[in-house]
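Structure provided below as structure tokens; questions to follow.
Chains here go by letter, A, B and C, matching the order in which they are written, and residues are numbered from 1 within each.
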């Protein structure tokens, strides 16, 4: 399983893997939002928590359609399912690799981008905490969606349609953590709920994703 | 290893392609699957590999006995041949020494540091077959293994399979090429072919007359 | 004789054929009486005027929008556990009906909202929850139509239905939490049952029963259509083979 994570990371880092793309997308998204909304701090600051979290959700969505599709095309997925590693492990490893190439860099980069949207300073640590706690759920949900649509020829649009509604609780709680922190309120309640959603997703969704993989490769 | 299947039904999609498949393969023996295109050779191999659960019948072998090699080789173009094999060795829990052995067995040593994307079709195929060795599993399920191999490589592959058999392993091979393996039986898949359209699911609908 | 016998397509067709006219009749009678009673023979609310009468469409459709999803959940579980094809097809048949009910609930809510709160749309937790429910219906229907293998589609959509149920419930509470976080205290309750008197309640029960009968009839018709479609496929393949 660790071997699979390491291989996916190597693939992402080699040419054509596109590890930094999610980060570049995040930066572009934030920039375009500021350009679209206007440069004034009193307009940008209230929406900054939502924009930053929305950017994270969309950036996580970017590479999902290739998560299993490439492995399905070259036969790797067939071979992985006949390997001693259970399909649940394959799904969890894929989600972990996805998080390490999208969620983790976003979490690290977020404090740099937050001032661009005039997010108040005290809220920045909470932004990092909420992203660190919430983005694993996004990767796991995305892996489930990718497993559902792996057999489809034009699955990427459907994938977004399936994955985005499932991201609602994470988005709501994650953005609320930052919003409360920015308003000087105690953000620990939404942070705990965010963690609960992530833990539940990590506990349950590998099984659902594995079932979907087995059905799709039948 | 001695193994067999009894009264196996193989399903592809919603259709039962083969029914009543029964055979035994002794240790050190190879069975060659024959039959026209679309007769269900690949479906049988995928069922045995555990990718398609059989609706009926039993497979008398531990589930981790089979190593499957299909049309696709499962190689990543951005990784070198050596990295690809080491990855599969890790997934199958084999010790790294088997990778060196596999590289030698398929004359891949000079290519070990090359990216898989830069290999020719025949070289890719050889790297894909080398993966069988690092799985360390006794029963090889081979689907058209000699496609895009030249005559010398086919012969070398035949020798390697013979060595696997001599070591007590066995193989089920769907191929149109004679590999020159001693004591190979032939199994005509067409004998188990199921009439088109008589799948279990659809039969229930066909007589749902109001 | 077990209930599961009706999972056999043939038995289902026979039974549903007999039940269907009754379901239609019941739906027409209950909806007709309930709506006429509700629209013309109930007093106007002293606060809301005649606009209150939209509850006779709004509440039953909202009730069914949620319960259609639960029916799909149960049908999906039956399919996953017992592999009855009729069950999978019934889940597929219920989804568009549930989506229409959700849209009707949202639309009537918007029309009612305009005279009541002066706005068509308010991010009230309950409204938001219904919007999210509509998204889940859309994803479910899209997945059904995207997968070619019928059994594969049934399996995948059943899994999506299970996972989606959990996330839809969590989203519903997230929406409640989120709005409360936005504007404290300011609450526009859509809870019609809370402050409703008997005069309005009796015709409402009739229309709700009528909508349930309508739902049953629509799902039966759609399930029968799906069954016939599968039968046509099976017969075509058999004819080709012969």
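Rule of thumb we're sticking to: a residue touches a chain if its C-beta (ideal position, glycine included) is under 8 Å from a C-beta of that chain, and two chains touch if they have at least 3 such contacts.
Keep in mind the model is a prediction, meaning the values are calculated, not measured.
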Exercise for the section: Name the chain with the Cα centroid closest to the overall protein Cα centroid. Expected result: A
Fill in the blank from the handout: Between B-C and A-B, more contacting C-beta pairs sit at A-B
Completion exercise
Note: subunit C sits from subunit A at a C-alpha centroid distance in Å of 32
Problem - Computed distance of Cα centres, subunit C from subunit B, in Å - result: 48
Fill in the blank from the handout: Cα centroid separation, subunit A vs subunit B, in Å, comes to 37
Fill in the blank from the handout: Multi-chain contacts in subunit B, i.e. residues touching at least two other chains, fall at 13
Completion exercise
The positions of subunit C in contact with two or more other chains are 152
Fill in the blank from the handout: subunit A residues touching 2+ other chains are 218
Problem - Residue ranges of subunit B touching subunit A (in the complex, touch as defined) - result: 11, 13, 46, 49-53, 64, 66-68, 70-79, 83, 87-88, 90-93, 131, 135
Exercise for the section: In the complex, go through subunit A and note every residue touching subunit B. Expected result: 3-4, 7, 10-11, 14-17, 73-76, 78-85, 217-218
Completion exercise
In the complex, subunit A touches subunit C at residues 144, 148-149, 151-152, 155, 158, 161-162, 164-166, 168-169, 172-173, 176, 179-180, 190, 193, 197, 200, 204-205, 208, 211-212, 215-216, 218
Practice task
In the complex, go through subunit C and note every residue touching subunit B.
Solution key: 8-10, 12-14, 17, 85, 149-152, 227, 230-231, 233-235, 237-238, 240-241
Practice task
Provide the residue numbers of subunit B that touch subunit C in the complex, in ascending order.
Solution key: 13-14, 195-198, 201-210
